[in-house]
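Below, subunit A partners subunit B and then partners subunit C, in two separate complexes.
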Partner chain A sequence: MADHNNTETNIHRNEALQRKLAFKEERKHHNVSFIMMILLTLVAFYAIWSDKVADSFAVLFILVLAVVQVFFQLYIWMHLSHKGHDFPLWGMFSGILIAAITVVGIAGMIWTS
Partner chain B sequence: MSTHASHKKRSGLMDWLTTVDHKKIGILYLIAGGFFFIIGGLEAMFMRIQLFKPENDFVAAETFNQLLTMHGTTMIFFAAMPLIFAFMNAVVPLQIGARDVAFPFVNALGFWLFFFGGVLLNLSWLLGGAPDAGWTAYAPLSTTSEGSGVDFYVLGLQISGAGTLVGGINFLVTIINMRAPGMTFMRMPLFTWTAFVTSGLILFAFPPLTIGLFMLMFERVFDANFFNPDNGGNILIWEHIFWIFGHPEVYILILPSFGAISEVVATFSRKRLFGYSAMVFATVLIGFLGFMVWVHHMFTVGLGPVANSIFAVATMAIAVPTGVKIFNWLFTMWGGKIVFSTAMLWAVGFIPTFVMGGVTGVMLAIPSADYQFHDSYFVVAHFHYVIVGGVILGLFAGLYYWYPRMFNRVLNETLGKIHFWTFFIGFHLTFFPQHFLGLMGMPRRVFTYLSGQDLDQLNFISTIGAFLMAIGTIVLFINVIISTSKKYAPSSDPWHGRTLEWAIPYPTPEYNFAQTPLVRGLDAFWVEKAAGNKGMTPAEPVGDIHMPNPSILPLIMSIGLFVAAFGLIYDTMTVVVIGMAITFISMFFRSVIDDHGFHIHKEEVEEDLKGVKL
Partner chain C sequence: MDAGQRLTDANFPEHPEKATLEGKNKFLGFWLFLGGETVLFATLFGTYLGLRHMNMDGPSTEELFKLPTVFLATMLLLTSSLTSVYAVLALKQNRVRTLQKWFIITLILGLGFLGLEVYEFMEYVHEGHTFTSSAFGSAFYTLVGFHGGHVAFGCLWIITLLIRNWNRGITLVNAPKYYLFALYWHFVDVVWVFIFTVVYLMGKVG
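Now for the complex of A and B:
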């Protein structure tokens, strides 16, 4: 009986430890992404403000930075990597895909001809 | 546990105006859709009468333009769409073992928005002329059209489009979250699958329409220049945006019809659907490809060979999943014990008719050939073969099949068969000659033609066919009226159904399932019947059932937008403010008043269960 109780407490302790580790890991992710997002914002700002990046490339450049930021936002801060987000993910990505096709299609056919 | 007493029963008109019950909303959609179907049909009849002989003067050219615009707009947005929503409402929650949709209040709102959008558009006939720029409302024809017809078009579609969008989202959430235990995705009946994909298409296709209509409204009401080349705009922007919506729209229409046909063919062949997983895959693939083909409506615009070729290939690719479906229906019937009930007749008539529409579709997908077909009666024949021969025949099959479940009455089979044969023969008589009229050079949307061009005879035949279709529709309405007599009460499972909606006692209780059923396979009810069980195995004990309260707010919100639309059309800002105030105040009430619904108590449910006859 005593032995049984002991095992159970051990299991509980183990679980608590794991949760703590996972929590720590997540906090690390939060810290890293927070710093990265500030840096990315600064880079984008600097790219335009300093005129060091050619105008033609600057738009594309800051758009790419923005996309990276969106992924940080969705996966780190809005926890999309966690379980149970299959349908929101499907919905979002098919929406993004269709919007992208639409924009690229119209832009390609109207503003290049 | 409930703190609320059982709700007071509302009766008569108030019950219908405040209902949030998906079964009653389904009936409302059916009645309203049927009403607009008659209006759109009358407009078609007037056009056919005008065209029955050369240089006829039954209607003037301007009236003809209004008729063709209103016929297209009414039939697509206010007849086919609500009829699809009618069956989705009536059937989908029952097929997945749910007690209602996810958001019953929003469901009612969706219906009333659609209804007032349709009423607004049709009031244009009485208020100085209907829209006359075609259902596609191409700029600059639509932006420069005289009078306020096109304003009615913009605002009517905007309001009803919002209703369709919330309806689509509602069904997505319902199908994802409210399936009964054991009802996995790959056990869902095909009609539910098609409703699911259609709702997804609505979610992604209607926002472009909303944006396009906003741009058109700004252009007309506030003198914007999106489509005005003189000020840096581009008329092609409207065409692109409209068809980015418009092409998925036709798949929104056809997919639920495919679903209904799949149910009917399987039920009346007494076989499970052949290639269920291939059917699901084909449905999803058609939905996906539907967003990649919009330019095939614009081949003659001059986008260049590269764009045209890409979209031509994508268009032809859709024939593959559609062909998969056709063959699966044929293989379902092959070796089955086929019962030719009226519903099955519609389904069997659907298959070759839709194939013909599909074949002309592939012909039109060839850009070089399309330069010949474009804007001719060939195109008119093609899209009537897929929309009447596809969507409407499928909806009629669904109507005869699900009518007992929706109204606790059966439709008379003899009258049903008369309806089928007159409508079916009339349909082919009307539209088959139009292929040749098109190839002979008769342009679409033109109010008359000259004699001596070999167009007289085929047009005459076409008009006779239209009258046959009208007779068929009248027979349907006689049938509906007769069905209200007591003689036509059915059993709860008149067709030996396979899916969950037939496992419910008759008449359908307000809460659908006294106990949520446990689903043990595809064709859940058939699985139980094959195992010798009387009904479904319950997945829960009998208990209190939580129900949503009825509400008048959806109706008032929609009336608010209806009033505001008049303000925009007639440029009277006070009316806009009053209308929007009505809508926002009702939204405010909806937000701050806690509405917990009510419970149907265990004792009442048990009482109902005692009286059940299966």
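Now for the complex of A and C:
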């Protein structure tokens, strides 16, 4: 009986340890993505500030950096990569699709008029 | 179990924000809302992109924008996004005091961002760039101001949430609320990433 209880506490302790390690891992991911986002921001500001990059290329370049940064936010900080996010992914990506069409459409309409 | 009861480490579910039907519904509904918000901001971005060179007699984007202020504001908002994800990590570990600490830091950083934006807008008005001075002015203040409004709303939201639940611990009722606030805050930061890129940085290269 005593033996049985002992294994149970051991299992419980083991689970708690597993969870703790998982949280530690998650925290590390958050820190890494924070550093990545800081770097992306710095590169974007530097590309414009330094005036060393040709303007037309710089615009494309900083837009790509922004898109990369948004994926860090969505997948790591907003947990879209976790299980059980199928419907949120659908909602968000249909939103992004319509948003892209909207930006191009409205800006294009004003530009051509 | 009563959903309003303080959770203990022994009965703490793996996903407290989705442990009840109400929590699940809020979670899905909020993501759909964020999809809609994306489109809403897209309309403002599209308008701004179309009108940003129509500054009439007022200053142009290149003359107007000061990158150091924008950089500082970006850093404040980015850091506040990190602190709110720390709060969510504390939520999953049933550490309510840690959660409150990180959300308060998030709030302070958010208020700092708002302060900088108010200062920036006052400078612009001083230089003759107002809501009614040109099409560029209207589009600029609508887009950036709407984002600032989102930050202000987020600050009010987290203040209310913290005060209301200060002594309650984490329950199945308030866990989804904390979680959704963090999602909202990240989304506001996502929008800012595009504002500093499309409005400020692209404004510097014409």
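The working rule: the second predicted complex is superposed on the first by the 97 of 113 C-alpha atoms of A that agree within 3 Å, B and C clash if a C-alpha of one lies under 4 Å from a C-alpha of the other, contacts with A are read in each partner's own complex, and residues count from 1 in each chain.
One rule holds for everything that comes next: a residue touches a chain if its C-beta (ideal position, glycine included) is under 8 Å from a C-beta of that chain, and two chains touch if they have at least 3 such contacts.
The shown structure was predicted, so the numbers you read here are calculated from the model rather than taken from an experiment.
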Of the partners subunit B and subunit C, which touch A:11 in the superposed model: first, second, both, neither? neither
In the superposed arrangement, does A:21 touch subunit B (first), subunit C (second), both or neither? neither
Go through the superposed model and pick first if A:65 touches only subunit B, second if only subunit C, both, or neither. second
Looking at A:43, would you say it contacts subunit B, subunit C, both, or neither? Reply first, second, both or neither. neither
What's your read, subunit B or subunit C touching more residues of subunit A? C
Could you tell me if A:94 is touching subunit B, subunit C, both of them or neither one (first, second, both, neither)? both
Could you tell me if A:109 is touching subunit B, subunit C, both of them or neither one (first, second, both, neither)? both
Which superposed partner A:32 touches (first subunit B, second subunit C, both, neither): neither
Can you give me the overlap between the subunit B contact set and the subunit C contact set on subunit A? 87, 91, 94-95, 98, 102, 105-106, 108-110
Could you pull out which subunit B residues touch subunit A in their complex? 172, 176, 200, 203-204, 208, 234, 236-237, 240-241, 244, 288, 291-292, 294-295, 303-304, 307
The residues of subunit A that touch subunit B in their complex are 87, 91, 94-95, 98, 101-102, 105-106, 108-110, 113
Sites on subunit C touched by subunit A in the complex: 15, 18, 27-28, 31-32, 34-39, 41-43, 45-47, 49-51, 67, 71, 74-75, 78-79, 81-82, 85-86, 89, 92-93, 183, 186-187, 189-190, 193-194, 196-198, 201-202, 204-206
What part of subunit A is in contact with subunit C in the complex they form? 23, 26-27, 30, 34, 37-38, 41, 44-45, 47-49, 55, 58-59, 62-63, 65-66, 69-70, 73-74, 77-78, 84, 87-88, 91-96, 98-100, 102-111
